[in-house]
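Let me give you the structure first, and then I'll get to my questions.
For clarity, chains are labelled A, B, C and D in written order, and residue numbers in each chain start from 1.
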Amino acid sequence: MVEIQNIKPWNRNEMAQKVAADIPDGSYVNLGIGIPELVASFVPEGREFMYHSENGLLGIGPPPQPGHEDPELINAGKKAVTAIPGAAYFHHADSFAMIRGKHIDVCVLGAFQVSQNGDLANWSTGVPGGIPAVGGAMDLVSGVKTIFVITQHTTKEGKPKIVKECSYPLTGKAVVDRIFTDLAVIDVNKRGLFVREMAPGVSFDYLQSKTEAKLEI
Amino acid sequence: MVEIQNIKPWNRNEMAQKVAADIPDGSYVNLGIGIPELVASFVPEGREFMYHSENGLLGIGPPPQPGHEDPELINAGKKAVTAIPGAAYFHHADSFAMIRGKHIDVCVLGAFQVSQNGDLANWSTGVPGGIPAVGGAMDLVSGVKTIFVITQHTTKEGKPKIVKECSYPLTGKAVVDRIFTDLAVIDVNKRGLFVREMAPGVSFDYLQSKTEAKLEI
Amino acid sequence: MVMINKIVETLEDAVAVINDGATVLIGGFGEAGSPIELIHALIDHGAKNLTVVSNNAGNGHVGLAALIENKQVSKMVCSFPRTAQSVVFTDMYRQGLVELELVPQGTLAERIRAGGAGIPAFYTPTSVDTPLAANKEKRVINHETFVLEYAIKGDFALVKCKAADRYGNLVYNKTARNFGPVMCMAARHAIVQAKEIVPVGTLDPECIVTPGIFVSKVVEVSNPAEESQLLKENRRYPW
Amino acid sequence: MVMINKIVETLEDAVAVINDGATVLIGGFGEAGSPIELIHALIDHGAKNLTVVSNNAGNGHVGLAALIENKQVSKMVCSFPRTAQSVVFTDMYRQGLVELELVPQGTLAERIRAGGAGIPAFYTPTSVDTPLAANKEKRVINHETFVLEYAIKGDFALVKCKAADRYGNLVYNKTARNFGPVMCMAARHAIVQAKEIVPVGTLDPECIVTPGIFVSKVVEVSNPAEESQLLKENRRYPW
């Protein structure tokens, strides 16, 4: 059995902070819905990022003060946001020209599954009767230069989310560059999955036991 | 021989006036370079047209007062113009979206040749060593609902411009709806060329003698 | 004097032209830009068997959700029909009462723009290697695989904007702009509700987002409902 | 504090990155929007064997015409290279010193936009049945014939605008906007000369035409030359 008593998984804020630390200064960044939204709070000292919202805003600012929400100023998750000085509004076709045209440097997305070659599944669990909904995820993975995934390492039921092959319908094939979980930061490249960092107390063997795909170090 | 002593060909202004008279109220109108530019001066009483310039202006106004020309406010012929209240500026891709997307109602173009089935040649005489230049003509004929041609009936050398088949390279095939010349107004439809009106003193036989293609009345 | 004048006085007049079986492009991303009053007028009008193209499928029992609930929509074309409050669409879809064409959001926007720009089809990298490209034509260009996508045109568009003039020139408000401009381009008749109608010449010609050439009708709705507020109050249309 | 700052101090710095053999998109429709000072800096810089994409081919012996005359351009891609004053291009073309790809104006604008929007190719009705479509792939869609056209991307764009900020947000002046916005989109590095550089937050976010994401470098040229004036004075560059 693998030792587990000293494991201290990163919480969501710590995960988001690690993502932010890996975003180069001056990047144009699209943040997906959910945990990715937290990344906006952790711009490292001395860097400036420009946040893009696919619904037509470049230059997302901090959340509005309570009571100052504008229902016509929202992000892709349909939450109220603000716009920084220097922001610009544009229509949906122009917004996705930025995405598809490879103008966005980094995108941070959630995941249902990531495979060992970087396939991403994050839009449908393929359950019969489920309402399929894809949003902008497929556009983002096909158009953004660097794709970061931020996700719990396993499902609520303890099943691995980093798998040999995705069983869920794909969002994109070989698109993920780096995976940030509560247990580790893992690079995806052509030769496989390389562990860059592990949460306090996590051993490689423990990490591998929670991961279906083979990890390298 | 055909009688010619009483012929009074329309001048360029009269031709332009006839074109304007055939443009329905409320039309969006693109005017080509040259004689077509004159049409703007003859909006019939009680009608309002909106003039489009493919270089990014909807709502061309009258020519500027001398000395008030703005080199950054020009028409497709690169002449100084003004913008009416309610005008809008936009970029070239949006401008040609208006054209190609069939949003412009009427376009008035010059011609080297028009064939009996409405083929238009107005961009190249195919002379070796000539510098080919097409501009927006091919976009206009493929995207605008109604194409009016305004041209002298014959070349300076007296050769017919309304021909059986164009000998010059085509701008578009079966695109012309109506031809306005100094001698006549001629409809083009699937069954042929139908003379609607002739200049004072012009007989059908005279008109036919100046026209290579067969005319109907 | 006769003038170009696209202003109509009532919502009823604005939607009167919409026919059974029409394709209707409806603006909005969630509630931002959703033309609720025009949609409610379309419910009163009663046109049936509509194909609706809209990013989402409505929330609660107002606006687009109410149109679907009223069984006027036979098919939805959208990117994200599933939200916490999209109860009506979920229910109707599971019962087989409404068809769904799921389109990635950027492809949806680009297909609509293409419809307005006279581009019948284009290639895109989006959705390659996914089930959404399963039955679509592919093409390799410069060693990369692309999917062929076709233009979407509407018979009508229903769009909300901030200000309009009698020529149909429009400006929008913040992220409520979203699909409005491309939907006005792609519809034979774009029908617009404006918070304010202003005299010609008021809008800065450098800042007009939708030139009037793309607009057929404008109606003033100076106090549009907020969808989120209606949902909080558990409102249903017709009320 | 480190900040996103696209402002460079000199024209020389602005064009220093341009390499031999590059594809350079140059804005302007006639003289309106022509970035004369950037073009002259490119002449001083001396990069050779350039492919230039621009609606026209320059006039007199200044700006784009001077760049061609200086033998830095091996190929022009444009819609209308022939004007009364396009003496340089005419001469060089007849001597076989510069190649020409003639593209209908709307197709040119759309190919450039496609390059910027990640669309590798699209179908268009323009040029069907003409010699310009002679060797191009055709396709029938809904009983109508279309031509396949491929995206144009630039390594660099040279663009003129009215005002810019350090983020690279741009607004233009009247019909000098023309190809600027799509060229900024389609170039890896868009290099812009602005009549005025303003502090961030000055430009209305509803009216920004080119968001800064499409721009690499901005240089202030507060008194740009007018091409027509230079022509009247029979000026030649280098002067």
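Note that in this section contacts are C-beta pairs under 8 Å (C-beta built on N, C-alpha and C of every residue); 3 or more make two chains touch, one makes a residue touch a chain.
Remember, it's a predicted structure, so these values are computed and weren't measured experimentally.
Student: For subunit A and subunit B, what is the smallest step count along a path of chains that touch one another?
Tutor: Counted as steps through touching chains, the separation is 2.
Student: Report which interface contains more C-beta contacts, comparing A-C against B-C.
Tutor: Output for the comparison: A-C.
Student: Please work out the Cα centroid separation of subunit A and subunit C, and write it as a whole number of Å.
Tutor: Averaging C-alpha atoms per chain gives centres 29 Å apart.
Student: Let me have the rounded angstrom distance from the C-alpha centre of subunit C over to the C-alpha centre of subunit D, please.
Tutor: Computed value for the inter-centroid distance: 34 Å.
Student: Enumerate the residues of subunit D that touch no fewer than two other chains.
Tutor: Residues 110, 113, 117-119, 124-125, 172-174, 206, 209.
Student: Which positions in subunit A touch two or more other chains at once?
Tutor: 83, 89-90, 93, 96, 99-100, 142-143 - these are the residues of subunit A that touch more than one other chain.
Student: So what shape is it, when you link every pair of chains that touch: line, ring, star, complete or other?
Tutor: Graph shape here is other: it fits none of the named patterns.
Student: Could you list each pair of chains that touch, in label order?
Tutor: A-C, A-D, B-C, B-D, C-D
Student: List the residues on subunit D that touch subunit A in their complex, please.
Tutor: Interface residues on the subunit D side: 1-4, 113, 115-119, 165-167, 169, 185, 200-201, 203, 205-206, 208, 211-214.
Student: So in the complex, which bits of subunit A are touching subunit D?
Tutor: Residues of subunit A touching subunit D: 25-26, 28, 46-48, 50, 52, 58-59, 83, 85-90, 93, 96-104, 142-143.
Student: Enumerate the contact residues on subunit A facing subunit C in the complex.
Tutor: Going by the criterion above, the answer is residues 53-57, 70-74, 78, 83, 89-93, 95-96, 99-100, 124, 129, 131-139, 142-143, 169-173.
Student: What residues of subunit D sit close enough to touch subunit C in their complex?
Tutor: So the residues of subunit D in touch with subunit C come to 110, 114, 117-125, 139, 141-142, 144, 146, 150, 171-174, 204, 206-207, 209.
Student: Quick one: in the complex, what on subunit C touches subunit A?
Tutor: The touching residues are 29-33, 55, 79-83, 86, 89-90, 93-94, 100, 102-110, 112-113, 124-132, 172-182, 209, 226-228.
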